Every structure is written in structure tokens, then in C-alpha cells.
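Multiple structures are listed underneath, in C-alpha cells.
Two complexes are shown next, each including subunit A; its partner changes from subunit B in the first to subunit C in the second.
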Partner chain A sequence: MGAYLKKRGWMIGFILLAVVFPFLSQNDYFLHVLTLAFIWMIAVYGLNLLAGYTGYLSLAHAGFFAIGAYALGLLTVKAGLNYWIALVLACVITSAIGFVVGLVALRTREHFFAIYTLCVGYIIYLVIDKWDSLTGGVRGLIGIPAPTAIGPISFETPLSQYYLILFFLLATILIMYRIIHSLTGRTFIAIRNSEDLAQTIGISTMKNKLLVFVLSTFFAGLAGALYASFIRFIGPDIGYITIIFDFLTYLLVGGLGTLAGPIVGTFLIVSVSQSLQFLQDYRMLIFGPLLTILIIFYPRGIAGAYLDFRMKRQARKKKSVPSKQTSYVQQSQEDEEKRVKEG
Partner chain B sequence: MDILTQQLFNGLTIGSVYSLVALGLTLVYGILHIPNFAHGALYMLGAYITLTLMLLWGIHYWIAMAVSVLVVGLLGVLMDRLVFHPLRNAPPIHDKIAAIGMLLFLEAFAQLIWGADYRTMTTPYGQVINLFGTTATMQRVLINIGAIAVMILLYLFLKKTYIGATIIAMAQNREGAHLVGINTNKVAMLTFMISGGLAAIAASLSAPINLVFPGMGHLVILKAFVIIILGGMGSIPGAILGGYILGFTESLGATYISNDYKDLIAFLLLVIILSIRPKGLFSREGF
Partner chain C sequence: MFIETRQLTKKFGGLVAVNEVDFTIEKGKINAIIGPNGAGKSTFFNLVSGSYTPSSGQVFYKGKDITKLPPNKIATLGVARTFQTTNLFEQSTVLDNVIVGHRLRTRSNLLDAVLRTKRYKLEEKKCRDKAMEVLDFVELTHVRGELAVNISQEEKKRVAFALALATDPEVVFLDEPTAGINPGETEGLAALMEKMVKRGITVCLIEHKMKMIMKLADKIMVLNYGEKIAEGTSEEIMNNQAVIEAYLGGDASA
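After this line comes the complex of A and B, so read on.
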């Protein structure tokens, strides 16, 4: 247990901090910003699984985010369904569309995949924008209800919404942790490292890629649905390509293919953006070059740089103790294993 | 019948612009295998620079365009040296993200300097002329003539000059070109220069019939990607042909199918092509 605590210390710390935060600050504005950041984190985790662990850069995720949001909005506002049923259905619909898109998109590779998904994302945006009778077009969709109460727990106040979304975020992280440390997760990493090799050793790459794509769109859809019920108004803008660029920035600053990356990156960028409010539309003047510089010098972001630093330190420590020389080979194997696990 | 010829002419005009943008994109892809997402931003800057020179100093349209070509071309070279050159050995996902970073920066930069307003560019060639029974502004005719002239010049440059041959050599085989003594870094810079210049020409030519705003490159660059996939990544005739195919499809689709969804046509075309041929229609290496 002690070792576990040490290993996952940052995670426990984050959970504790997130849980007690509302008691430390009574400021509703901070609570709002943080809740929104949690929603982005869920979507970024979805993107991370695909881009970070499997190596497929999907630029359609803003579209899937929008599909989740619109599915929930339409099901509750126009069909009058119960919120929770609508939430489940929104995730199912997004995953189903993700399945169909993935079936075709995953036949392409590398640049073709990025361009293909970029176009799919744009098609989704255009359809939402132009299909006036269903989605309300540029006017958007107003009056999406807040989550309905489960028994005695209601979700009307900002505080209760904060905890609800925190719950979903923690569930997402737990699922991600379980996926990445399972055989399936290893398979994804194998595909990222070399798809041909993975195929040679008997991995059905298409099946696995499809699985990861559907999972990834599921989380994008979940984030979108939560966004719709949190903001309670959605417009076609949430499907525009700028949103996917935001996700990418969060993911890259935090660390592509690391478990902590989405939290670190999203939290950092969102809080920096808040203090740079006066810049508004010009914030990309800073984040654009930042993205480029990071990818050149620290391609694995903050979390990745930290992991590298720790691994180097450990390696140095081991070298300086000659008595442990015998177990060095075994140690380095463990190191290698850890490196693979952590991406 | 009248509408048809009118729309065919429109398609030709749009197609010319698309072809020019796609040519720049395909050149860079052929040499460096980078899908340069920032190309749309270069296109947008080209239009803004021409517009500013014309408005601020009253410089003549053609001279303004020449300056714009030079500036945007140099910007392309700068981008190569600062961003893509350091990333030449990185995994392909990194180039794409770096290019997106550049795109975001350049767009925010344009918004900072010129504001988010939609602007119109006046042209000295606004008069309406009659051409084979269809009416068109002189500017539209100019777009067609200009684009075709640039394409012919580019073709002659690549096929008939020594420097052009080095570009083709590098596109065919980077290591091989290096072995026979071609300075691949210089060729890469030159390619970015040409690519940026082509974007600036396309933007300056088409700006008077469209609007100038920071996000004007988005749709154009997306469609340029559709075109180079249609014509084969890195293929020059493919980019030209693809550009005209898309131009005609769009203008006819807007008239006979739906004006609202005309932008969808290009993307649907791409989705269908990639569904059937995951590596593009005419995939091959080199030109």
C-alpha cells in the first residue's frame, strides 16, 4: 500500500485537492472554471488514448464532442427524455458514429488519417451548422436541463455539479488507468511503436484500432454531453476545428501518451488563460508558438519531461551503487517495462 | 444553358485558385513529406499584405502582389528553418502538430494587426466584360490567365532549369539527391519559398472576388488537402487537375444541388475517395 501510495502519489494528491477545493474557496467563478476544465480533461483523455497511446492523430474529436453535446441537448429538449437516459444514449450515439467513422478512417494511416479526420470533423460542424430544422443552426440550442435528481441528491447548485463532473472525471481516469495497464493497453502501445511489427506478432491491428477509436469517441461524447448540461446552451461553435486545436494544446503541454498529461496540461492552460483574459482571441499568439516549441524540444510535454528526468535519476543512482550491479540487468528490464507502460 | 456556361466559368475561376494553393502544398509534401497545415495561414497573410500595401501606400496591384509573394515566400523559408528543419527526424505526428501551432499563431497574429473584420479588396480590373455570351468581371478573367501563366512558368522552371531539377531529384529520393551533391537543406528552403509565393499569388488574385479575414485560409487549406489527396500527394499534375475537378464540382453542385451544402461536396468527395482508396487516387512517389 505504501509503495502504491508513493507511486501514485500525484494522483491521490490531485483527488484530495479536487475534493476539498470547494471548501477552500467559496468563489463560484473559480468553481465554474474548474468544472469546465474537468470536462475538457475527460475529452482530452479520450484524445490521449488515441493520439498518445495508439499514435493516430484524430482531428475529428471536436466533432464527436459536439455530437455528444447535441445528442444530449436534442434528446432532452426536443424528445423530452429523462436526463440520465439521454446521457447514456448520447454516449451510445457518439460511439456508434465513431464506430462507423473508424471503420473507414482507420484504413488510412499517418497523414491521410489526420487529413481524413480533419475533413470528417469539418463535415460534422457543417452539418450541425446548416441543419437548421434539427439543430437550430447558428442560433444554437437553448434550455438544456440540468441533471435531474437521483433520489435525495439533486444537481441544481454549482457545487453539486462540480462533484458530479469530478465523479465522471475520476471514473474516466480509473478506466484509462485500467486500460493502459492491461494487455489491451499494451497492444495499443505496440501498434503505436510499430504497426507492422504488431501485425507480425499476431495482433489484429484493425480490431484494436477500432476499439481504441470507439473508446476515444465515447469519452469525447461523454464530455460533450456533460458540457451541454453544464453550460445549458450549445452552438455549432463547439464542433469547430479551433476546439480540437485547444484539446491538442492541452494534451501536448501536459504530455502526449502519459496518464497525468491531460490533467496537468488542461489545468495549466485553463488557469493561464484565465489570467490572460485580456488577451482573449490573441491568446493563440502565445499558445501557438508554445505548441511548436514544446513539440520540438519536449515532445512529451511536462509529464513526459518529468518521467524522463526521474528515470534518468534512477538510472544514475543505480549505477553509483556497485553492489547492486548484479541486479542491474533485471532493474533495467523493469525500467524498460515502466517506460513502455508509461508510454 | 446560359447558367451552365456561367457556372462552368465560375468553376474554372475557383479551380484556378484551388490549384495554385494545392500546388504549393503538394510541392512541400513531395519534398519533405510534411502536410503543412500552416499553408492556409500563408495564403491568408498573402492577401493581407497585398491589401495593406494597396491601402496604406497606394501601391499598384501588381507591385503589391510581387512584394507579398516575396514576403510570404521568406516567411515560408523562416518556417522551414525554425520549425520543420529541427523536426526532420521526429515522428510524423510531430510535424503536423508543429504546423498546427504555426497556423494558430499566424492567425492570431493577423487578428492582432488587422482586426477580425471582413475587408474587401478593390481591384483596378473591376470592369465587366462579355466573353462568349457570358458576362464576367475582368478580375475573374485575370485569375484564370494569371493562374495558368504561373502554372506554365512553374512547369518550365521544374523541367527546364538546373535548380528545378534538384527539386525533382529530392522529391524522388532524398538520400540519393544528397549523395550526388545536392544541398538538400537549400532545396527545402527554396521549395518553401516557392510554396509560400504560390499561396500569396493565389490569395492576391482571388481576394478581390472574396473577402479578406483572418479565418479565410481555413476552408481553402482543407480543400487543398482534398485536392492533393485526389491528385496524389506530391504530384504536380495531380494538384492542377484535382483543383479544377473540385472547382467544377463545387460550382455545379452549388447551382444544381444545394448552395448551403456546397462546401460539404469537397469533403464528401474526399471521404468517399479515401474510403475506397486509403492512399489516395493516384498515389505515387515523386512528380
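After this line comes the complex of A and C, so read on.
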């Protein structure tokens, strides 16, 4: 049990804090900001699976976020569908479009992939912006309903929405944890590591990359759909390039390819950015250099830096007791712990 | 015939990297490909393992034409390979690096992983056991918990072997397995290759260290400018005029 706590300590701490927070602070504004941050986190987790674990940096995810949001908005407002059906459909639609885009985009690699997806993202934005008859263009889409009640639980108050979105975030984290710590996750990491090598050990790279891409757009779509029902109004701006660079900043600061990264990065940037509101756009004068320094010295972000620190400390400990006999069980337990930390 | 190439040719634009090479790899033996730098050895490997598609010619594996198959399909058939540079995931442990090697023999998918089904648990264990087994085979059990970044160059080579072996191959292609390591360690790796053959795994390697090859290989092919100039046992190769010329340059009569 002790080891269990130690292994997942940060996770349990986060969950407790997130669940208790509304009782600690009665401030509706904080609750609103935090709920929004949770939505970003879901999208950043999606991006992390693709960019962090598989090595494909997609810049189209703001576009998929917007597709999710608009799908939900249009299905509820114009088609009058039930909220939950619309939510499922929004995710399915986003994934389907992700599948088609992925088929083409994944034929490119590295910089070319980033540039290609950047263009795709921009095209999605343009389509939303210009297709006036469907999306309402720059006027946006208003009157998106809040999630409809499930039995006795309604989602009208900010507090209930907070918990609803927290629930989705925790589900996302659980799914990510299980994917990453599985053979499927190892397959993705093998692709990031070296695609040629992955192929020669029998991994169908295209199939796996497409799977990650679709999954990752699924989470972007889910985040978008939640955003739409939380803010109740959406405009084409949510698909704009600045959004994807926000996601990317959250991910880079938190730690690319780490499980804690999206939470740490998003929370940190959102809260710092809130407390620097008075500086308006000059905030970027602080963020820019900070981000540059972070990337130079800690390419795996804050979570990555922490993991490296722990690893080094452990290596030093090991050296000081060189002839420590470990039984098979102990060793495999240690293996297990390392495996978890690596994620 | 175990593995056979027929008139295998690869052209890069105007450059003929491999030119009409006929070669057979014999089952249960150590087969070696040697030749000066740029002779097309690695290209030949890439053609056989499916990384490149030949411009013309064919590759047969156990009588089956595998010329057009992608590398992952060829791997599933039992052909494994290593690369000149060892690509390990350095932030991860040795054991973790090897576990994924057995992935191609498993069927569990994303849903199994998310729901942690029985099949997933069984296969996760199967892969872990396989990794343990091959790490034991390459004598790396003691470093399995180390991070890949902390192990020596020779150990990295062994991990690469282990990764290839984890795919349950019938033949392993090793691209310069002893490049960049010292003579003592080279002998250790040579012994490992012999151990693989004893286990029934056919070995085919590219090498530059002549002394070692002449001692180790049962069959040698010499490439020069993409063409096969000699083939045979080490004695035959050592006394072959064309080979001596290729290595010593032109006039070898002196």
C-alpha cells in the first residue's frame, strides 16, 4: 500500500485537491477558470499521446477542438438532439474527420507533418469562419444548452459543471495511463524512438500512427464539445492558430511525453496568466523568454525535469551500495516502479 | 533454399548500389557479407529485410517470394535485423526496451489495454517473460533494471540483439554488430553469435573485422561496387584474386 501511494501519490493528491477545491474557495470566478483549465487539459492529453508518445507534432488540434465544439453546438441547437447523444456524435464526427486527415497527413514526417497539419488546422478554421449558412460565421453560435440532467443530477450550476468536466478529465487520465502502460503504449513509444526499428520488429507503423491520430483527435473533439456546452457560445476563434500554440505551450512547459505534464503545464500557465491579467498582452514578454529557457534546459518540461532528478538520485544511491543482492521479486517490483515513473 | 536472392538490384537514380546479386543464405550457419565501404552491403540488407524495395530481382524466404512485403510483415515471418546505430529508448530501462520486441506475436489491441482484459494481462506477461528470456540469453540479466542511457556500448549492442531475438526469429541480420567496441568485447559478441546458431537461429552479418569473420563465418559473400565478386568459405575468400584486388587496390601481383 505504501508503495502504491508513493507510485501514484501525485495523482491521488491531484484528485483530492480537485475534488475538495470548490469547498475551499467559494469564488465562482476561480471555479470557472479551473473548469476551463480542465477542458484544456483533456485536449492537451490528446495532443500528448500523439506528439509526446508517438513523436508526431500535430498543429491541427485546435481545428479538431473546434470541430468537436461546432458538432455539439450544431447538433443541439440546429438539429435539436439530446445533449448526450450529441456529445457522443461530436466525438465520433471529430474522430472520423481525424481518420481521413490522418490517412494523408501521416504519410509525412517530422517538420513536414507539423507544417501539413498546421495548414489543415488553418483550413478547418477558414471553413468554420466562411461557411456562414451552417456555422453562423463570425457571429458564432449561441444558445448551446448545458448538459441535460441524468436522473436527479442536473448540470445547471457552475459547481455541477465543474464536477462533470472533472469526471471527464479523470476518465481521460485513466485511459491515458492504461494506454501508455500497455503493449499498445510501448508500440507507440517504439515508433517515436525509431520508426525503422519499430518496423523491423514487426510493428505496422502506419496502422498504429493512424490509431494514435484518431484517438488524439477524439480527445480534442471531446474537449471541444465540453467547451461548447460549458461556455454556451462558440465562435470560429476557437479553431484559430493561437489555440494550438496555447496547447503546445501547456504541453511543453508541463512535459512532453509525461503523464503529469498536461496537468502541470496547463495549471501553471493558466494560473500565472490569470495573475498577470493586468499586464494584458505584454504577458507574452514574460512567457516568451521563460519558455525559451525552459526548452533549452529542460526539454522534457517540468514533469520531465522532476523525473530526471529522481532518476539521477536513484542512480547515485545504487552506486553507493554496489553489491546489493536483490531477489527476483524485489527486482521486478523495482522494474515496475521505474516503468511507472518513465510514463 | 532458406533465403535466396535472384538478380537483386537497387538503383538510386543513376547509382547502382546493388547490382544483380544472387546469394543464398544457408540455414543454421553464420553467413557474412563483407566488402569495402560503399560496396552496397547495408543496401543489400535493407532489400532483404524489406526496408527498400528492389529496382528489380527477387527475394525468397523458405520458397516464398517476399520481395514486395513491408518490413513488419517480413519480421512476422521470422526475419529480424539490427541496425548499425543502436536505437534504444534511453530514458527507459533495458527490460522495457526489449519487451516491445515480442509485440508482433501478440494480438491485444487498444480496447484490451484500456479495459485491462484477461488477454491483455496474459500477453503482457508473455512479452515480459520473453524479454527476460532473451536478456538472459544475451547475458544482460544483471542490467535489466538499468536505464538504457547508463549501459556500455557493448551492452547496447547486446540489447539490440535481444530486441531482435524477442521477435522469435528464424534468421537474424546483424549490420556491423561489433562496430565501435574493443577486441575483447568483440570476441564476446562473436561467441554470442555462435550461441545463436546453436539455438537454431541462422545468422547473417555485415562486418569489417576480417580476422573475426574469417574465423567465425561458414559462408562469406564479398561485394564491391554493388556486385558480388566472390562467394565461399573463408579459405576460398582469402585466396581469391578478385577479393585481394578489391581490398588492396588494383595491382596485387607484387
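Keep in mind that, in the parts below, the second predicted complex is superposed on the first by the 323 of 343 C-alpha atoms of A that agree within 3 Å, B and C clash if a C-alpha of one lies under 4 Å from a C-alpha of the other, contacts with A are read in each partner's own complex, and residues count from 1 in each chain.
Everything below uses one rule, namely that a contact is a pair of C-beta atoms (placed from the backbone, for glycine too) under 8 Å apart; a residue touches a chain by one contact, two chains touch by 3 or more.
Here the structure is a predicted model, which is why all the values come from computation and not from measurement.
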* subunit B versus subunit C as contact partner of A:T94, first or second or both or neither -> neither
* Looking at the overlay, does A:I203 come into contact with subunit B only (first), subunit C only (second), both, or neither? -> second
* Tell me which partner A:M311 touches in the superposition: subunit B (first), subunit C (second), both or neither. => second
* To do: Look at A:S273 in the shared chain and tell me whether it touches subunit B only, subunit C only, both, or neither; answer first, second, both or neither.
  => neither
* Asked: Where does A:T292 make contact in the superposed view: on subunit B (first), on subunit C (second), on both, or on neither?
  -> first
* To do: State which residues of subunit A lie in both footprints, the one left by subunit B and the one left by subunit C.
  => none
* Interfacial residue positions of subunit B with respect to subunit A in the complex -> 29, 33, 35, 83, 86-87, 90-94, 96-98, 100-109, 111-112, 116, 218, 222, 225-226, 229, 233, 260-261, 263-264, 267-268, 270-271, 274-275, 278-280
* Residues of subunit A that touch subunit B when the two form their complex -> 51, 55, 57, 104-105, 107-112, 114-116, 118-120, 122-123, 126-127, 130, 241, 245, 248, 252, 256, 281-285, 287-292, 295-296, 299
* Okay, in this complex, where on subunit C does subunit A touch? -> 49, 51, 70-72, 75-76, 80-81, 83, 87-89, 91-93, 95-96, 99-101, 103-104, 106, 108-110, 112-114, 116, 120, 123-124, 127, 144-145, 147, 150, 163-164, 166-167
* Partner subunit C, residues of subunit A touching it in the complex -> 175, 178-179, 182-187, 189-190, 193-194, 196-197, 199-205, 211, 215, 307, 311, 315, 331, 334-335, 338-339, 342
